[in-house]
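In the two complexes below, chain A is the common chain; its partner is chain B in one and chain C in the other.
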Partner chain A sequence: MAGKRDKKPNDTGFEDRKRVSRRDFVKKGAVAGLGGAALLEPSARAQAAPQGSGDVAWDYEVDVVIAGGGCAGLTAAIRARDLGATVLVVDQNFDVGGRMLHSGSFVSLGGGDPVQRRDMSGESDREGFITVDPVEDREELDDSVDLLFTDLTDWSVLDRKAQGPYRYNERELVRAWAENCPATRQFLTDNYVRFARVNGTHGGGGLSRARGARCFLMLGDRTDMKAGTITAEDAGVADPERTSAFAPVQMTNMSRFVAPGAVGNGVALARPLEFSAREKGVEFMLHRSFEELVREQPFSGRILGIRARYSPRFHPETGELMRSYWQNGNVEERRETVNIRARKAVILASGGHAGNPQVRSMFYPAMREPAFPTSGLALQGRQSQDASALIAGLRVGANLAGMQQNLSYSTTFHISTRLGTRDAYTTMMPGHPTFGFRGSAGVNVGNAGFEEFIAVNQVGQRFFNEVRLPLRPGLNAYPGDGGAPGQGLEHKPLDWRNCRKEWVQEMYGHDHGLDAALAMNEGSEPPDYYSGPLWAIFDQEAVERTGWELRYPYVADNGYFFQADTIEELADKIAADHEFQRVPLKYLAETVATWNGYVDAGADPEFEREVDAPMNHIAAPPFYALSIMVIWHDSYGGLRVNGRQQVVDMQGEVIPGLYAGGEAVGGFNKHGLGKGHVHGYIAGTRAAEEPSA
Partner chain B sequence: MPKSGRKTRRPTPAAGVLGAWLLIAPAAAAGQADTTAGFERGQELYEAHCALCHQESGQGDPPTFPALNGNDRLEDSARIVRNIYRGAGTMPPFPDLEVEDIAALVQYVRGAWENDFPEVAAEEVAAALDGLDETGGRVSVWDGVFTQAQADRGQTAYTGACGICHGRRLNGAPDDPDMRSTPPLARAGFLREWDGRSLATLYEYMRATMPEDNPGSLTDPEYVDVIAYMLSVGGMPTGPDALPPDPPRLSRIAIEQRP
Partner chain C sequence: MTISRVDVSPEEVDAGADITLDIEVSHAMPAGPEDSRLLIRDHDGAVAASVRLAEFGGETGRSGAFVVTAPLEPGTHTWSAAGAAPDSTPAPFTFTVRPHETRVLVWDAPPSVECGETFRVKLGVRCARRCRPDGWSLEVRDHERNRLATVRLGDEVWPRTDGLYYADVELKAPDREGLHQWEARATTRGLDTSHAESGAALNVRVVRAPDCVLTVEAVDAENRTPVEGAQVVVHPYRAVTDAHGVAAVRVVRGEYRVLVSGKGHVPFRNRFTVDADMTIRAQLVLDREPSDAEIWS
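Coming up: the complex of A and B.
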């Protein structure tokens, strides 16, 4: 994955994919799920047959096979199981939850969903954990499916890049989504998920009403999903610099939206759902990467099943095969590839393409740069978000949708304010077994922190006004009050004045720092012309101004943080020890000297740093470098599906037996969990209703 | 996410803005030199002390922060003087301003934008100030103005109400990377933005606008406790007395760079 670089990755525990060639033939079938009922039917394995063949030798057989155990896959699994189907979830990672587990758990649904109605009434939750009053006004919560549908197909509303993301949404997909939002909220609540007070709306969820709520658990003396409690140790709140195997991201204080003692983030969403799935008898085959669909004929007939490859992840320190937090319902299987037959349907919920630089380059060639990963590198491994659903779908004739929608949402690709770690999107502290894959937590300096250093490219030259470098363009906004929840309701959907050029001129906010960061420079060589890594360069006085703690676990000797007594030595260290630094930072000393001259003169003629932003000398040793990462977080654009989440081919026909949801599908520019859970709910419902083949 | 147009960054008097004003305000431009100087001084003070809430445009952010442009209440100049000096409602007091400063501010807000109220003589301002209480001397945030116990209470309140957006390190970096950066609330970045204002301005601004989705939802003691926590993280020393939730007394405590 490292492209042209010829240096070996430094010794920070980053995984080497070649290890997956290790073959370990364990003759073992299904492990009994909870309650002792083996849902899977292992069959004798024959030699692998090509995809598209009608006589594949099946290793396993089950009603519904789901590729991916994240927000879409896990929801679909529980739903299909509830309806009586036997379900196997295949996931490339060692643990369940996908990116839902490291998310903020902000689930934006609406349409008059149960938590909107609860908050309108002012009531507490079913268990009485919530003691705070509703955060949003009643008017902000008074929602309907029609309003939600209108919001998400409003052609007139623009974001601060002057793009209108809602206008390109697939109507049928959005209508089905809106109609299923209330039922999905209820479904999640019925599976041990607790929602805090509604507070705003997550990106892409429409602007007319408040529709988003985060998930919580209550601190207690035991971790118990049924009771809704978690220990401080498991929640990662007992020690500010340590988390747990249960919570890869330390949970945050939710007292404002629940009650004192409430903590929340994706852990409070993913773990309860996983617990419920295992309790209900969903089975999991982990360390297994979905690779191919098996269809009756290459471009016609039913989807019969999937082929999946062993993708073991080994502990970065001990070298042992990593184990999921819970193991009931796990199917131990270490053969290189297995064929799994789906009697009813296959559901693709294996994520998007943000982790596949070759696929990303379809949208933005400069993002083929392998130095810049997707989010959750440590937690999810290097095979996360590898476009597996898109690639496998294309091989059986699927159509694609919404391929331009990557270019709208502001977290799709952006510059992270967390410096000094490769896994710069996701927060993580030691205590989770994958921490070693990143080596450092990083230093989150916020936008304001970018005033404290100069940012240089791989040859050591500045390339942008640092103050504006991390700024992300804002989200969709109506003229006037913006229509954002909590800020009034005065806007008129579907009105040409929402996108009139005068309003665009007023609200436009896109500085293109990211484009400059990805630009070619003197170190960019053909054929890819990679931009190379980016560095924040500063001195000891900056550390004293800011209070940045440049010590473990925030930074480490992992190639993403350097310290030296001279600028020349700093440049040498970066060039020697950073895995993606392909050329020397030959201009760094000159750049720093020039900058110090600008500080003396009180002006920055090259990049016009804001007049009221500070300019400080970089002169007091030791000198420091922290990596600045471009992150492609979530992706848009993917398989075309209809309102039943059935994958549609290039002739507009449904591919029988194939469903998809979440980031695997396109045509729906909604960020995050709200999309995936509802897709999973619909797909799980429809898949279970399919006749057994 | 802050609303567009609400700026917490200190405005910088820009020559271009002044020049533009002179072109479009013939009434003042035609006045005498000292009138123009007073107006310019007024604009400088306005941008430093008032624009945080009333906006450089004078449009405010109603209903929280009233518009001054086109506001008929500016007819009563004695009222403006009293409000500036003693505060009123959400508006903090500015007892440190000299008579000339207040006169310049009165002149500015009555003549700026589309406003066209007559000029007010400094003597009238002095007369309006007569009889208003002096409430004591001036100290700085570096003089030990809060207690450790108060800062500890403030940490609890901060973590629940503020930390989700302003970050656990008070540097404006939320833990959830989907959330946007916010202004820093401690250390050099905070001081740069707030240098020259009083704790009363900070206190009233927080009460009126924070938490952004539910302004005013903390108790008054909680708001000052959070300020105490912000100051403690910024390295300011503790003292024998807690900060009071009392704007006139807070208006005597200046936010300044480390002496």
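Coming up: the complex of A and C.
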């Protein structure tokens, strides 16, 4: 528990604290000046930090402080708590779960993990929910730590962008990860997470075996993490246009991989873990951004704790401070800045830098464009993925790793097929408190939908073959179309033929529409030369061909959807009412007229659209514009850590008391949850083993 | 009272639209009611507005913002502002009146027409200020500006628009094959309010009489079921598949690129030489992009 220095924390259990009423809670807070059942007293503020760390006065003290409550942070928290440590998780958001909560829950591990073994034997899960047969054959599941390690450090594999996804991985980091995959899978299962049948492997998870499984809950008459059930309303499946406060994205049908009545996505992973964490006594300080590390000396000595800033998120309609779904274990704290001392260790799990245009632009300067946020903007807020771990780590001398890997995962940034919303990533609908930040759910037109419009840049000019804009190279994973000549079990690791020049020329399959979208245009001005927003322009006939539902909640009057009687009026409306439209779309009418001429001629001399798909006039009023979003989803470069998840400095020395995991670290070009959970498991284990300072 | 400044906004305005004026005067201490009143006169000397000073006292006074209506005649207009007292000296100010912008739209034109055949298109006009089209007509002219048809706009607004008036017109295709570049123009002469003329391209693809039937059967590649509503493009011919997934396209013998695009399917693409009636089967693969879960889990 977050506790006063020198005071044994009051280890109340979940149910006990659940009985503390809101009135009691506030009262206690008033007495303590803070709030919560096991918090320190005001005098703690006067406690001086150890010599050399300046005049830091500690407001809280626990064994392990974790910055970030996502897949790495929450796993680390539970693990450290299991091993007896008191744990406080600090998160900038109002709710727990980070990106994990709106993910697809595909946890790709392997090395002979328990779910692989379960499916090899053909058994069901321990509760008997799974009634379908295994999806993968035994041979496809027959894995080992050595094979996993080999796969994830394979120098020979290229993807369809002809980049090496595995060869630059940090070897010690990957070895430790592979060795801990089986234990992490078991750990997750022990904390109420239910895994469906293994089905494939996630990008960056290796080409040789099937290693990934999604998480599920069963539809029932109550939402109960212990029982593994969820109501249709909470799952967001009762009404296709509603989500719930419990599940910010609609859960999907998992019957193919579990049994009839199974639903899944990140909710089935994040909520059980959060429930378990709170049940075990992990505490959370929400609405609080991790900002700085406190070290004994600026570049030497132990990490002593963190400084965190109040980052309240208010309800978009009511203006009230938003509340987490569960609140037991929350530490109420509204001071601007607090210092939290970590007796054992600090774990940085506050995510990557995809949400910080200034930082991410070091990899792609055009992506300094603020019109394009990272995914999950509404749910996570504008301080999500803000490079806080990277920035804080650099300030205490940490080294970096794998920064270039931002450019070597095939879908790090891409053009979304969901149009008409700035937050183009999720399926969040009205019902979740943050939907108001989104304003509209967007219209997912799919890849095929891109033939129905022309795409223009901020001055109203086309820039690429629209049909090829959203296409992404295949993921580099089992069984995969990621580039290796041998698919599935036919893949031969470490074989030079995997990257033989002739083969690479044959398999290369990347369209560069995104790069054309980000190119400078006549409206790009110094010093940043922003490329500006992108627009899908179409007419009423396109709506009738496709059946797109241009109504709330899919579109709204929020600056990301426009309708007008004429193209000229459409251009004027966009220029007037879109927050990032900096210049008039002065060529739009001319572009549409030219396009209509191409349709008449049956040929598009600019981008050769006629080869790929039908071309249609944009002539029948009214006319429409939907925003097209570039998404930078996740990031890959980050702090350098060793196999114990300890952060390493520029001289190759461990920074004592500092751990990191998930997107906060670099050198591991693996997408998603599998990386973060294992990092969290290792970091939580090692942090708890640290002696108390 | 002396007029020291007249602010005019905007200085360029649509015919009949509002102009906002704000007038500053000096020596503004009024001796009587008339001394606090300002008269705005148009170019003919007629009073266009009469306002009282909203603020006055000491050396200066102001009218505050007030609105007058711009004339309907385009061009530069010089009006004046003066105190109502007979000895007040008028202060001239100018602004420019422009015609209302109009946009002509052409839609529902057939993708191709046989030589000499009649066909219909829809023509519409939208005034930027949403004027009703009393007395408006549209002309269709060929590339040599010969008038082919004239049609008056109707009174109804096209569905889902808020000021687009339209007409349906029948036209006759030329006897010569090829892409004929015509134009539809809004004739705005003689209207009460000045409107700018405008036009839009009307391209007519004229083909000779087809001599083959290309039958396209669109089926889902996975479950073999017919795909209804698939768009078939055999440029310059187009068709849509029926409930049986079939579309019959009458074409002139030749080589064609055939595109079949079903809802939510990856387009079928192939080239065919059509020298007799023929049937092709277009197997459409579902556009199964990686789900968000697969990409971003």
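Things worth noting here:
Everything below uses one rule, namely that the second predicted complex is superposed on the first by the 627 of 693 C-alpha atoms of A that agree within 3 Å, B and C clash if a C-alpha of one lies under 4 Å from a C-alpha of the other, contacts with A are read in each partner's own complex, and residues count from 1 in each chain.
Convention: a contact is a pair of C-beta atoms (placed from the backbone, for glycine too) under 8 Å apart; a residue touches a chain by one contact, two chains touch by 3 or more.
These figures come from a predicted structure and were not determined experimentally.
The superposition on chain A brings chain B into a clash with chain C.
Applying the stated contact rule after C-alpha superposition, one finds that A:T252 touches each of chain B and chain C. Judged by the touch definition given at the top, the superposed model places A:Q540 against chain C, while chain B stays out of reach.
With both structures placed on the common chain, the touch criterion links A:D565 to chain C but leaves chain B unconnected. Once the two complexes are laid over each other on the shared chain, residue contacts for A:H617 go to chain C alone; chain B is not touched. Within the superposed three-chain model, A:A576 lies out of touch with both chain B and chain C [touch as defined at top].
In the superposition on chain A, contact is made by A:G602 with chain C only, not with chain B. Of the two partner chains placed around the shared chain by superposition, chain C is the only one that A:L673 touches, whereas chain B remains out of contact. With both structures placed on the common chain, the touch criterion links A:F106 to chain B and to chain C. In the superposed model, A:L494 makes contact with neither chain B nor chain C.
103-104, 106, 202, 252, 265, 375, 411, 417, 425-427, 446-448, 451, 470, 472, 475, 545-547, 611-612, 614, 633, 671-672 are the residues of chain A that lie in the contact sets of both chain B and chain C, per the superposition on chain A. Interface of chain A with chain B (complex): residues 103-104, 106, 135-136, 199-200, 202-203, 240, 249-250, 252-253, 255-256, 260, 265, 375, 411, 416-418, 425-427, 444-449, 451, 470, 472, 474-475, 477, 482, 484-487, 506-507, 509, 545-547, 611-612, 614, 633, 671-672. Interface residues of chain C, counted against chain A in their complex, comprise 101, 103, 105-109, 124, 126, 128, 158, 160-164, 179, 201, 203, 205, 229, 231, 233, 235-236, 238, 257, 259, 261, 263-267, 269, 287, 289-297. Against chain C, in their complex, chain A makes its touches with residues 103-108, 202, 212, 214, 252, 265-266, 375, 411, 417, 425-427, 446-448, 451, 467, 470, 472, 475, 539-541, 545-547, 563, 565-566, 568-569, 593, 596-597, 600-602, 610-617, 619-622, 633-634, 671-673.
Within the complex formed with chain A, the residues of chain B that make contact are 1, 3-4, 9-10, 12, 14, 159-161, 163-164, 167-169, 171-173, 175-184, 187-189, 192, 211-214, 217.
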